[in-house]
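Dumping the structure here so I can ask a few things about it.
As written, the chains take the letters A, B, C and D, and residue 1 is the first residue of each chain.
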Amino acid sequence: MGLALELAGMSLANPVMVASGTCGYGQELAGVMAIETLGAIVTKAITAAPRFGNPTPRLAETPAGMLNAIGLANVGVEAFIADKLPYLRDLAPRVIVNIAGSRIEEYVAVAERLEEATGIDAYELNISCPNVAHGGIAFGADPAAIAAVVGAVKAVIRRPLIVKMSPNVTDIVSTSRAAEDAGADALALINTLIGMAVDVKRRRPVLANITGGLSGPAIRPVGLAMVYKVFAAVGIPIIGLGGIMETEDALAYLMCGARAVQIGTATFVDPSAATRIIAGLSAWCDEQGIDDLQDLVGACHL
Amino acid sequence: MPAVVAANRALGPGIHLLKLACEPPLPDIAPGQFAFLRPQNSDILLRRPLGVHDADGTRLDLLFDVVGRGTRALAAAQTGTTLDLLLPLGRPFPIPPPPALPVLVAGGLGLPPLHFLARRLHAAGRPFRLLYGARTAARLVLADDLASLCPDLRLFTDDGSAGEHAQITAGLADLPPEAHLLVCGPTAMMRAVAAAAEEAGLACHVSLEERMACGLGVCMGCVCRTRTADGQEGRARVCVEGPVFASREVLWDSP
Amino acid sequence: MGLALELAGMSLANPVMVASGTCGYGQELAGVMAIETLGAIVTKAITAAPRFGNPTPRLAETPAGMLNAIGLANVGVEAFIADKLPYLRDLAPRVIVNIAGSRIEEYVAVAERLEEATGIDAYELNISCPNVAHGGIAFGADPAAIAAVVGAVKAVIRRPLIVKMSPNVTDIVSTSRAAEDAGADALALINTLIGMAVDVKRRRPVLANITGGLSGPAIRPVGLAMVYKVFAAVGIPIIGLGGIMETEDALAYLMCGARAVQIGTATFVDPSAATRIIAGLSAWCDEQGIDDLQDLVGACHL
Amino acid sequence: MPAVVAANRALGPGIHLLKLACEPPLPDIAPGQFAFLRPQNSDILLRRPLGVHDADGTRLDLLFDVVGRGTRALAAAQTGTTLDLLLPLGRPFPIPPPPALPVLVAGGLGLPPLHFLARRLHAAGRPFRLLYGARTAARLVLADDLASLCPDLRLFTDDGSAGEHAQITAGLADLPPEAHLLVCGPTAMMRAVAAAAEEAGLACHVSLEERMACGLGVCMGCVCRTRTADGQEGRARVCVEGPVFASREVLWDSP
C-alpha cells in the first residue's frame, strides 16, 4: 500500500529495517517474527577476524533505554560468508552488511572480501561504535577521518554504501557532509550515545567496560533532531533510527527527513516490533489517504 | 504471550511467588527453561529472565528475589494485571537416564528450575536427591513442599538457622559415582560445586545467569566464557546455548 | 550527618542544589518544599535585558524525559537585583546566579552588575543553552570560545565561578579543560541534550522552536559518563546533574566524581524531590557507616 | 497528595470521568483551579493539568478527553490504583457579585471548571446562564446533569445532532449588559467569544490552556502573551497567574 521505495539503488518492499546488532544474522529471528516482511536486515558488525567482544556485564537498563558494551563481538568475515550469508541470501529482505574495524585497512579488507560474495545488497559502515577502544569513535567524530575511511571503502566496492553516523559529536552536519562528499550513498542516523550506569551498592560501574552505548526510546529526541538537521544539509537519503518503538515513532523520523527507518532495541522488548510497524505504516497510509509513504519524507520542514 | 497475575505473594524477605494464568494454554516447557517477561505499560523497558518454577496447562509459577527495578516492578504487579511473556526460552537440564542418579543442587533463588525438575522426577517415580541451601532459615522457602517431593532432601544454611550449618558443598561428600549433579544458584556456589564434581569425577550441569536484553540470541549481551570441544576458549550465549551447560564447558572467571 | 562540604570556596550544608531553570528565583518553591534545607539554589539564567523567551509550545514530554525551549525567558539583571535577590539573600541555602548572554560582552555586563549586589555566593556561567539562536551553543562547544568567555567574566568578578558545560560536544574533556584553564572554580555537568519531538497528527514539530533541550532520567547515563570522564581529567570540583530523580541517582553522580549535585526535572515530578534526596543521602551515610559523604566522591574510579 | 481511583468510566468517545478518593480530605478548591497529576509508577514522567470538575470532602471528579499519552494513561488507571496529585493550583474564575449575571460558556472539554462553578452557583441560589457546545451529540456529555443545575441551559453542536445547530457564539447575541462571561474551551472558541464580548462591552474571563511541566511557576514553560496594565506586551504563566485571565488582558496569537 505505497510502502515500497528506492534507496541508494536498492528497491525495498518497505522502509523498515532491523538494525545492526539487534537482529543477529537474521536466522535467530526467524522463529519469532515474520522476517520475510522486512524491507532489509542489517547484520551485526563484521570485522576481519572473529571477536569475542568485551567482558560481561555488557548490558544495563536505564530509564527508557539500555546500555550495551558488546564491543563488536562477531564471527569474523570468513565465517560470516561461509555460515551466515547462505541463510540471508535466500530471504526476501535486502541484506545490508554492517562493517566495522579498528583501522582503515581493516574496513577495506572486510569490504574487499565481502565484494567477492554474492547475496549482499549494500554495506553499512559502522564508524561510530563507542565500545571499541582503538578506532571506532575516532573515525566517527572527525570529518577528515570520516572522509578517509569512506573514500577508502568506496574505492574497493561496487555496492551501495550507507555510512552510520555517531551522535556523539558537536556538529552532526559537518560529519554527515564529510561522509556525503567522500561518496556515501546514504546515511544512517543515529548510533548509540555514550552512557554509563552505576551499581550504587557495589560502588562500581555496572558495565565491565565502564561506559556503553545508550539506545532505546530515551534517545529518540536526539535522533529526530539530528535527522531533521542533516536532512536540510545533505542530498543523499537518510535512514533514521534511535528509539523507534511504535508506528508513530517511525512516522516522526520520516517527517523529519528519513526515507527509511531501522528498528533496534524495540525488537528486544517485542520481537515482532518491526513487523507490527510495517503493518502500522500501511494502515496509516490507508487511513490518511496517502498513496506513497515517501511523500511524507521531510514533512516537518516548512 | 500475555499472562494475567492470579496471585503474587511474599514467601520470605523479598522473595515472591508469582502465579500467572496463561491463555492460550502453555506450550511444553522443560525444567531449566526460562520465561522472559515484563509488566505491560510499566516503566521497565527490557524483559527479565526467570526460571520456570512450575507450569501446568494454563498455570505458570515463578519464584523470584527482589534485587532491583525489574524484580521490584514484578513484585508490585497486582492481581488481574497483565504481563507480557516469552517462553519457553533456553535449553533445559538434561534428565540423565538410569542408572544415573539425579542430584539436584539448589542455592537460594536457584531453586525454581530444580523445583520444577523435582516435580517432574517425582511424577515419573524416578529416585533423586535434592540439596537446598540458603543464607538463613527465612530465605529457605518452600522446604516442606520439597520434602514432600523428595524424601532425600537435605537442607543447609550459612548461619545454621535451619538444616545443616554448612556450605551446600558439604552435601557432595558421600555421593555415589552414578550421581549426576544438576545445579543452579549463585555463581560462587556453582563454581564450588563444579570443582567438587570434577574432583570426584561426577557428571555436572549448571544453569548460568547473565544479564539479558533479547533472550533470542541476537544481541550477544549474555555471553559466558566456555571451553570448546577442541580445548579453545569460546563464548556462548546463555539465552540460547544455555542457560544450562555441562560444567566442564564453563570457563569460570577468576573469583 | 556528614553531608556538609566546601566547594569552590563556598561552604554548603549539603551537596544538593536545585538546578537553573527548574526553581525559578526560589520564592515560587517556598510553599511546596523545605527550601531552607537545600545546599544551594541556582537561579534561572539572567541576561542583561529582560527576555520573553521563545513562542509556545515550549515543552514536550518524551520517554523518561522532557524537551524545553524556554529560551532564556527572564526578568533581566536589574529586575533580578531589585525584585528577586532580596528574597534569596535571606535564605539559608547558598545563592548561585546563572548567567547567560548572546555575546561575551553581555556575559561580562551581567557579571559586573551582579558584583555590585550583595547576597550572591557564586555564579554559574550558562555557556550551553541550546535554545538561543545566536550565542549559547557556540560558546559551549568550542574550547577557544569557552576560554574567552570564562576569562572575560573571571576578570570582572571576585566570587567563585562555576561553568556549566554543554553535553552536545564531541569531546567533553577538552571543553572542560578549556574552562578550567581559563579560571573556572568548578564545573557543572551537564546541561540538556539537543532533541526534538514530532506531532505526527499535525506533521509538525511539537515545539514552536523546533528543537529543545532534553532533560530528565533519559539523559542520566550521558551525564554520568561525562562526569566520570571529566573527573579523571580536571582538578576543579564537578557538580553533577542530569536526570537525578532519587537518592541512588545522586550517589551514582558522586561515585562518578561529582562533589555536589543539582536536581532539575525531578522537581517538576515531585516538588519535594531535592529535600527527599537530602534526607536520603543522610540516611544512606548512617546505614553505610560513612562519616563524610565526600569520601565517596569518585569511588567508581579504581 | 495520593488519590485512589474509585471509578473511571467513559461518558463519550474518548471522554472519561475519573472519580478519585482523597485522604486526607481535600483543601478548599475554587472553580477554575486545576489538579496536576500523574499515575504512580507509570511510564509518564510529567504531571498533566486537569480542571476540577467537582470536589467535595474526600471526593474529586475529573473529566477529560483522551488526546495523547498522558490522558491515555489516566484513562487506563484501574480502580484501586494510586495517582499522585498536586492541588489546588492556579487562580479561579471570579464570581462577579450581583447584579452581574454570570454566563458560563463551555466548549467541549472546557466543561469541568464551569460544571464545578455551576454547582457552586446553584448551591448558592445565584441565577446564572450556561451555554455548552460540542462538535457532536456524543461529545455533549452530562447535558442532563447541567440542565438540573441551570434551567437556562442552552446546548449547541457543530453538526446539529443535539441542541442548536450553531456555533456557541450564537448564544451571546441577546445577553443583558450585566452579563459577565466565564469561558473555557478550545482556543479558537474562546477567542471568538472574547471578541464578541468586547464588541458587546461585556465583562469576560477565559481559562487558557498551555503545556505545563512544573505547575508551580518555576519553569516558564506555560506562558501566554498578555497586554499589561500600561498597554505593553507581556508574558504570564498560565499555571500561577492563570489559568483564568480577564479576556482583555490576553493577546491572542494570530489564528
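Methods note: contacts are C-beta pairs under 8 Å (C-beta built on N, C-alpha and C of every residue); 3 or more make two chains touch, one makes a residue touch a chain.
Keep in mind the model is a prediction, meaning the values are calculated, not measured.
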{"item": "Set of chains adjacent to subunit A and to subunit D", "value": "B, C"}
{"item": "Interchain centroid distance [CA atoms averaged], subunit B/subunit D, Å", "value": "55"}
{"item": "Separation of subunit A from subunit B, taking each centre as the mean of its C-alpha atoms, in whole Å", "value": "36"}
{"item": "Between subunit A and subunit C, centroid-to-centroid distance (C-alpha), Å", "value": "34"}
{"item": "Junction residues of subunit B, two or more chains touched", "value": "43"}
{"item": "Touching two or more other chains - residue numbers and ranges from subunit C", "value": "63-65, 216-217"}
{"item": "Arrangement of touching chains [line / ring / star / complete / other]", "value": "ring"}
{"item": "Chain pairs that touch, as defined at the top of this document", "value": "A-B, A-C, B-D, C-D"}
{"item": "Footprint of subunit B on subunit A - complex, ascending", "value": "21-24, 28-29, 32, 44, 52-53, 56-61, 63-66, 68, 70, 73, 216-217, 265, 267-271"}
{"item": "Residue ranges of subunit A in contact with subunit C within the complex", "value": "62-65, 67, 141, 168-171, 193-198, 200, 203-205, 210-211, 214, 216-222, 224-225, 228, 243, 248, 251-252, 255-256, 296, 299-300"}
{"item": "Subunit D residues within the subunit C interface of the complex", "value": "38, 43-47, 69-70, 84, 86, 210-224, 233, 235, 240"}
{"item": "Residue ranges of subunit B touching subunit D (in the complex, touch as defined)", "value": "41-43, 73, 76, 78, 80-81"}
